[in-house]
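Each of the next two complexes has chain A plus one other chain: chain B in the first, chain C in the second.
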Partner chain A sequence: MTILLLILTILPLVCSIAIKVAFIPASEGIAISGAHIFFTIDLPFGGLPITESQVNSWAVLLSLFFLCLFLTHGMKTKNIGVRQIIAEFIVEKVEGLVRSSMGEMFMGFGPFIAAIMGLSAMTSLQSLLGLYPATSDLNVVSGWAILVFILITYYKMKAGPLYYLKGFTEPIPVMTPMNIIGEIATPVSMALRHYGNVISGFVISILIGTALSGASSLIFGWLPGALGGYLLRIGLPAIFSIYFDLFSGCLQAFIFAMLTMNYVSSAFPADEYFRRKALKKARLEAKNIK
Partner chain B sequence: MNNLDVISLNIWQILISLANLAILFFLFKRFLFKPVKEILAKRESEIQAEYDKAEKATDEANEIKASWEEKMKTADDKADEIIKNAVEKADRRSEVMLYESREKAESIIRKAKAEAERDKRDAQETIKQEIVGVSAAISEKIIGREINMDDHKDLIDSFIDNMEEA
Partner chain C sequence: MLEIAIGIILSGCALGAGIAMLAGIGPGIGEGNAVASACEAIGRQPEAKGEVTSTMILGCALAETTGLYALVIAFLLIFLAPGRFVNILLEAVGK
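Presenting the complex of A and B:
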């Protein structure tokens, strides 16, 4: 059972590698383009292209789902195993992070923050497997940023829609256009930050790979066969990849999660909300007494 | 090449990605956070139960200890009382014995004294009788001669002198 779940965790990633190998023609030289389109479903507003980034993020989704099952199945209260220790560690760390940066009221955000971190980090780290990192597709991170924007707006509306609209005219009514731009800038900046960081790492990786290939054939060109063209490409790109894929990917995931927590918790007008709540309660009690 | 542009936006792709994050949120909530939190709560309650049990056991042990100490104290008291009673009894008995023995000794002494007195009186009686006898003999001797008062007086005096000397 345990081994089956572990296999199921790894299988989606293996499948996406297989799909890439089977359907995507290898490109030589410098070719910086977006995700490969497998096919397009006819829909209004430009149709839905099923792309590499979609497939890869679904693979991550499935993989994370089976990872959860793998970590949490057969949990005990005593004599816990390594899997359970990891699961408890993840949950406690995420909850601690949420508690310290959002407060006790937002504890329900634990799974959401974990989902952002897991999805973002895993999709970025897919580039280590030679896959197209889904986070370097602007559509993917835009979707996450819009979901965060919806949450921000929802929490801003907690104290009533009128209070929310009034918030745009503060501190003076002239500032209203600025405030609206600032409101929209939040998801846009979040999406572009994440996307830009990942795709820049991706581009730099390709540039380094191509440059090393050129340098290698220049220096070791006298070696027989194709060996000369590949000698410098062994190992060296991996060292750069540690920064541009591993470190940058995890860092961007963390930054995205931290920004989400900050924006959402600061969007919540706590004072106004509790004032209204107390008022409502008092009114209700007065009615009951009557 | 059938690729997307590097920067491209498509509403459906954005929606799918949004839905992906939402789905992962629910998956994490249902399959990671819920079971882990349940197990943590269960462990907490189990530990609490263990603590309660331990506390109860300690309380019971303390109770037993207190009752034993109480018992030990009463036992000490009882032993003290027994010893005291025994000592009292022994004291009384020894007093009685002492008294009895003194009484006996006194009666012996009294008896001895009475005997001595009687002996003394007997001795005096015999002496007197002897004196009478002797004086009668002396009187008989003197009767043979003329009765002389002076002689008689001298005789008795000399006799008593002799007696005293003897």
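Presenting the complex of A and C:
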């Protein structure tokens, strides 16, 4: 069972590598292009292209799903194994993060934050496997940012839609257009931040690879065969990729989750909400006494 | 004549991308200030290191946004704009 789940964890990523090898033609030299479009589904309102980023992000979703099952199946209260220790460590860390930055009221956000963090980190780290990182597609991160925007608006409306609309005219009514722009800028900046960081690392990795192959064929060109062109490309790009893929990818996942937590918890009008709740309770009690 | 026009378009796009990345100066200075203050804070209160570090990373991410806007515009100018502008020119000329 354990082995099966572990295989199922790795299988989606292997499948996406196989799809990449099978369907995408190899490019010659330097090529910086968007996601490869496999096919387009015709819909009444226009074509829906199925791209590499969709395939890769679904592979990551499946992989994370089976990873969670792998870590948490067969939990015990005594004589716990390494898997359970790891799972408990992750849960405790995320809950501590949520408690410290959102407060006790939002503890239900723990799984959501962990999901966003894991998805973002795993998707960015896909570039280590030579896959197209789905987060370097603006559409993917825009989807996440829109989800966060809906959450923010939902929590702003907790104290009634009228109170939410009134919030736009603070501090003075003249500021309304600026407030609306600021409201829209939140998801746009979140999406662009994640996308820009990942794609800059992606482009710089490609540029470093190309430059190293040029330099190596210049220095070791006298070696027989194609060896000269590849000598400097062994190992050296991995050192740069520690920063651009590993560090930057994990950092962006952390930042995206932190920003989600901060925006959602600061969007919630706590004073007004509790005031209304107390009013409602008092009114209900007055009715019951009658 | 057309070659010169296309050349001007390409050089304009390349120059524009370079000038757009001047916006990288601002986030650089801003993040430097943020990290300097965070180091001072940690030096003064070493026990608050974790909290200061996570707040600093968040602030750095926010300060970085303007630089990333410039990066996106530079990418558009390098990869997308030349083809589009050349197409517009060719349509205007009628070829």
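Rule of thumb we're sticking to: the second predicted complex is superposed on the first by the 287 of 290 C-alpha atoms of A that agree within 3 Å, B and C clash if a C-alpha of one lies under 4 Å from a C-alpha of the other, contacts with A are read in each partner's own complex, and residues count from 1 in each chain.
As a convention for this text, contacts are C-beta pairs under 8 Å (C-beta built on N, C-alpha and C of every residue); 3 or more make two chains touch, one makes a residue touch a chain.
Fair warning: this is a prediction, and the values are worked out from it, not measured in the lab.
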Record, for the superposition on chain A, whether partners chain B and chain C clash or fit. fit
Mind working out whether A:Ser189 is in touch with chain B, chain C, both or neither, as first, second, both or neither? second
Which partner does A:Leu69 reach: the first (chain B), the second (chain C), both, or neither? first
Let me test your reading of the model: by the given contact rule, A:Leu212 touches which partner, first (chain B), second (chain C), both or neither? neither
Applying the touch criterion given at the start, work out whether A:Ile255 contacts chain B, chain C, both or neither, answering first, second, both or neither. second
Between chain B (first) and chain C (second), which does A:Gly110 come into contact with in this model arrangement: first, second, both, or neither? first
Chain A as apex of chain B and chain C, Cα-centre angle in degrees (nearest 10): 130
If we overlay the two complexes on their shared chain A, which of chain B and chain C does A:Leu119 touch? Say first, second, both or neither. first
Have a look at where A:Ser200 lands relative to chain B and chain C in the superposition and call it first, second, both or neither. second
Please give the nearest C-alpha separation between chain B and chain C in the three-chain superposition, to the whole Å. 7
So chain A touches chain B in one structure and chain C in the other; where do those two contact lists coincide? 32, 199
Listed in rising order, chain B residues that touch chain A in their complex are 1-29, 31-33, 35-37, 39-40, 42-43, 46
Spell out the residues on chain C that touch chain A in their complex, using ranges where they run on. 51, 54, 57-58, 61, 64-65, 68-69, 71-72, 75, 79
Would you tell me which residues of chain A are touching chain C in their complex? 32, 100, 189, 192-193, 195-197, 199-200, 203, 251, 254-255, 258-259, 262
Residue ranges of chain A touching chain B (in the complex, touch as defined): 25, 27, 31-37, 43, 45-49, 51, 53-54, 57-58, 61, 64-65, 68-69, 71-72, 75-78, 84, 87-88, 90-91, 110-112, 114-116, 118-119, 137-144, 146-147, 199
